[in-house]
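Two complexes are shown next, each including subunit A; its partner changes from subunit B in the first to subunit C in the second.
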Partner chain A sequence: MARSISTRRKIIVTLAAWGVAFVIFFPILYMLITSLKTEAEAIAGISLIPSFTFENYVEVQTQRDYFKPFLNSVIISVGSTLVALLIAVPAAWSMAFSPTRRTKDILMWMLSTKMMPAVGVLVPLFLIFRDTGLLDTRVGLTLVLTLVNLPIVVWMLYTYFREIPGEILEAARMDGASLAGEIIYVLTPMAVPGIASTMLLNIILAWNEAFWTLRLTTSSAAPLTAFIASFSSPQGLFWAKLSAASTLAIAPILIMGWFSQRQLVRGLTFGAVK
Partner chain B sequence: MATKQTRTLARLMMAPAVILLLIWMIVPLSMTIWYSFQNYNLLNPMTRGFAGFFNYEYFYTDPAFFQAISNTLILVLGVLAITVIGGILLALLLDQPIFGQGIVRILIISPFFVMPPVAALVWKNMIMHPGYGVLADISRFFGLQPVDWFAQFPLTSIIIIVAWQWLPFATLILLTALQSLDEEQKEAAEMDGANFLNRFWYLTLPHLARAITVVILIQTIFLLAVYAEILVTTNGGPGYASTNLAFLIYRTALLSYDVGGASAGGVIAVILANIVAIFLMRAVGRNLDR
Partner chain C sequence: MGNITLNNVRKTFGSTEVIPGIDLEIADGEFVVFVGPSGCGKSTLLRLIAGLEDLTSGMISIDGREVTDEPPAKRGLAMVFQSYALYPHMSVYNNIAFPLKMAKLDKASIDKTVRAAAETLNLTPYLDRRPGQLSGGQRQRVAIGRAIVRQPGAFLFDEPLSNLDAALRGTMRLEISELHQHLKTTMIYVTHDQVEAMTMADKIVVLNAGNIEQVGSPLELYRSPRNLFVAGFIGSPRMNLISGGEAERLDAATIGVRPEHLNLSTESGKWKGTVGVAEHLGSDTFLHVHADGLGQLTVRADGEFPVHHGDTVWLTPEPERVHRFNAGGEAIR
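Let's look at the complex of A and B:
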């Protein structure tokens, strides 16, 4: 008896949850469906069954050269993540394993730089970039995104490194391991998962960053955020093509995001919620 | 000896990150402050000079400034209200046994990974378009006049889009916090005859308090800076109806080429963000001691 009630309840809750999930996911689903329609179908009223044409995907490449902004996005997001890791791993490492009285203050100060609104420094950065020829270059944008995300990278790595037990280090030292040996054979293997999730989250953040990528590029270094924004001009209806370009732009990150849900919570709350 | 060596090494390892962030923080910010007291327009760069507080006065007496401030506040508070309340309800729903829970979770979290220009354009064209959007089709089906969202309710439309992007974030964090609630406590409360509302009010909500604080503070930082969603939908209009502070500064800087005025606006934005930041730092800092 009790069992049948709980099963019925589970079915009701399931239906409610799937209903809500469908509504929330609908814009993405509809974008995917529209990308498989012809332009005429795309504006012909709701229909969830497209004619499954792939011409939009072909045209986004042949007419708008999709691959160029895609490559820019990959280079800028992966590049800025790798540079940030290169700077942040040693810093987080030393803060986690040889903390001083000031470690906490330094961490808080780093976090505070993240609070600075981008518009607050838009003018000087734009002028510096213009005068140094960094405007609309991948190097310039990589540099900015590295700095923008550096505090999050340090913080995330720090919360991961701090969980590596210190006793293991002592045991290794007892066994006569040198400092280099300690780092290579003991700490690195334990740190790799933390570094990997930090990398994943940071690539997602850099890929979707939509202030600096829009303002500091015009064409040659423009990543996907700027490419998609260029579809906003009102002339002509090209929703099917917009949908195809959008689907291609979000697909890799959506899939990465699905795999990094838990790390996301931890990374974006600076370890405050796990 | 060894400890001294280790300490030096630790400092060296920290140096690049600290120095880079120091430069990143100090150089552009001091330039912004400097420019904010300068008479400097990129269209006639010859007439530069000290302007005193003129830029602040100009920015402050511009009616658009107050509208932008109030739009910023409405946008932040509106999105916070929707995402926090919606997030709590969704987290409570997802915390129960469901068939296909993993897939439901994936569907609900997805909007968070959609880049802002895509989110805004999909909503603008495919969902809210007064002629061909899904909402217009639904209105016509019920014999109603379709709503021209971005002309009639520009700010509300942007709130809806931004809330759609952030609801998954709030849900995910609140759900994570909810799942750490002690099962035994819940059962004990149930045994004692506490009904659902009582349990929610006296047990669940206090348990979620910290996660809610974190959600509010982190979202506020990002919501104060909403930009791309406005750029690709309303472009701040009609008039200044959907211009927030970030967008107003962008307009002043890159459309009117007014370096001084935009910098004054930038300083105001930094001050506002800092007020929020102080609260966030306290919450996160307290957490660090645990």
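Let's look at the complex of A and C:
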């Protein structure tokens, strides 16, 4: 009897899980479906069967160049992630292994910057960018996204580093390692899962960031988020083309996420499972 | 060479004074054990010598050279940690080779040194393994290997055996003692286990609340403890401490008699008592006796002594082995 109950439970739980997953995934699926419809079909109302036309993709590529914003997205997201790591690794190292009385406050302060609405600093930042010539440049956008995501990167790395026993770093110090040696030969290799997952997550966050990328770029540094947005104006809405553009924009990060999901999960549960 | 001198070494963490001020002289080649209850500052003192903690005030010199402000790597010391602190992402070979690589030695001489150390410590078959694939004792040996390849001025051991089971602890104790005889290098060893202290040390430093209670050879401490703390801490089972009328008769506030210095008889003696628990180990017999008017006393008899719970026994202290302490807990000589 116990066995049959547990089997029934398993079926219910499995169905529920699939149900939840389907609800979460549905918008992406519907976007894919819409991108394969004609514009007329897209406006007509909800239907799950498209006419499987690829004209939207062709048109999106001929109307506007996909490759340039794609390259911008890659440069900005990978660039801002690398710069953020360069700053965050030493910062998290010092907070994790030689904390002071103020360390907790500093961490909270860093997090508190994420609680502020970004619009609040839009005007000053825009003016600074305009006057320093950073507007619509990859360097400017990389800088902004580095700063926007830095608190999260520091927090994540801090959490991973805390899991590494301090005695191992002390052993390295006794063994004659310099500060750089300690970080390069001992800390970093031990923190690879954590650093990798932080990196992946940050690339995803930077890739999807739409507030700053839309406001601080016009054309030359515009990434894929701006590429999508450009299909929603000014001649009216073209749902099918918008969907095709969106599909193209999220495809690279979706594929990257798919291939690195093991690393992502391992990083996110690092320390929880010994 | 490994003379180590501590000069009025003080350490405070915030407003907590961990070490109020310590002077200590450690001679080259000596095996010194810091022993004391947990929280007595023994590990902190070791870390101060290592350079892993900064002194609040005072001075440390090694071979006459002041090292107070020098980083750990420049002090020429090697340390074995309680948790072994091996590098989990490196093979045994690379763990042992790490200090040599940091010293920028050439590959050939690193290889020679690592293999020689592995040979000494019976680690040769495990050189390609990761620390996670080794047993506790093997990990401990890797940690020691990593320490010896540097040919340090002194070895620092921070409770290295406390993670091992009793049998292995005995073996490793012997190995470390043999290593000391072989290398003749200064060793400073921190433990809370007085058996380790007694069996390994040339010189024991008994610490309590950051203060040195007594420094001496194991038998000096055993024979003439300077105060009640040392008397209670050194020796196993603990010394029996008796206060009241019996102590006053000897002009002392407290008297102490070790379990092995009480003569045991079933017929006659000085103090009468009833056996509470009898522990028959074969080689020794330990009796926990409720002595009339004196409280609970522990007695050790050689070999087998056939008494059991509820039996009456007589105890007679060896007069020259009775320790006397004044009201302040200091020994009266």
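The rule we apply is simple: the second predicted complex is superposed on the first by the 198 of 274 C-alpha atoms of A that agree within 3 Å, B and C clash if a C-alpha of one lies under 4 Å from a C-alpha of the other, contacts with A are read in each partner's own complex, and residues count from 1 in each chain.
Keep this in mind: a residue touches a chain if its C-beta (ideal position, glycine included) is under 8 Å from a C-beta of that chain, and two chains touch if they have at least 3 such contacts.
Model, not experiment: these values are computed from the prediction.
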item: When both partners are placed on the shared chain, which of subunit B and subunit C touches more of subunit A; value: B
item: Which of subunit B and subunit C A:181 touches, first, second, both or neither; value: second
item: Partner chain in contact with A:8 - subunit B first, subunit C second, else both or neither; value: neither
item: First, second, both or neither for A:189, with subunit B first and subunit C second; value: second
item: Partner chain in contact with A:167 - subunit B first, subunit C second, else both or neither; value: second
item: Contact set on subunit A toward subunit B in their complex; value: 10-11, 13-14, 16-18, 20-22, 24-25, 27-28, 30-31, 34, 42-43, 45-46, 87-88, 90-91, 93-95, 97-98, 100, 104, 106-108, 110-128, 147, 150-151, 154, 204, 207-208, 210-211, 214-215, 224-226, 228-229, 231-232, 237, 239, 242-243, 246, 249-250, 253-254, 256-258, 261-262, 264-265, 268-274
item: Residues of subunit C that touch subunit A when the two form their complex; value: 50, 52, 71-73, 77-79, 81-83, 85-89, 98-99, 102-103, 146, 150
item: Complex contacts: residues of subunit B adjacent to subunit A; value: 6-7, 9-11, 13-14, 16-18, 20-21, 24-25, 27-29, 31-32, 35, 90, 93-94, 96-101, 103-119, 121-127, 131-132, 134, 137-138, 164, 167-169, 172-173, 176-177, 180, 210-211, 214, 218, 221, 224-225, 227-228, 231-233, 245-246, 249-250, 253-254, 259, 262-263, 265-267, 269-270, 272-274, 276-277, 280-281, 283-285, 287-288
item: Parts of subunit A lying in touch with subunit C, wherever the complex brings them together; value: 165, 167-168, 170-178, 181, 185-186, 189-190
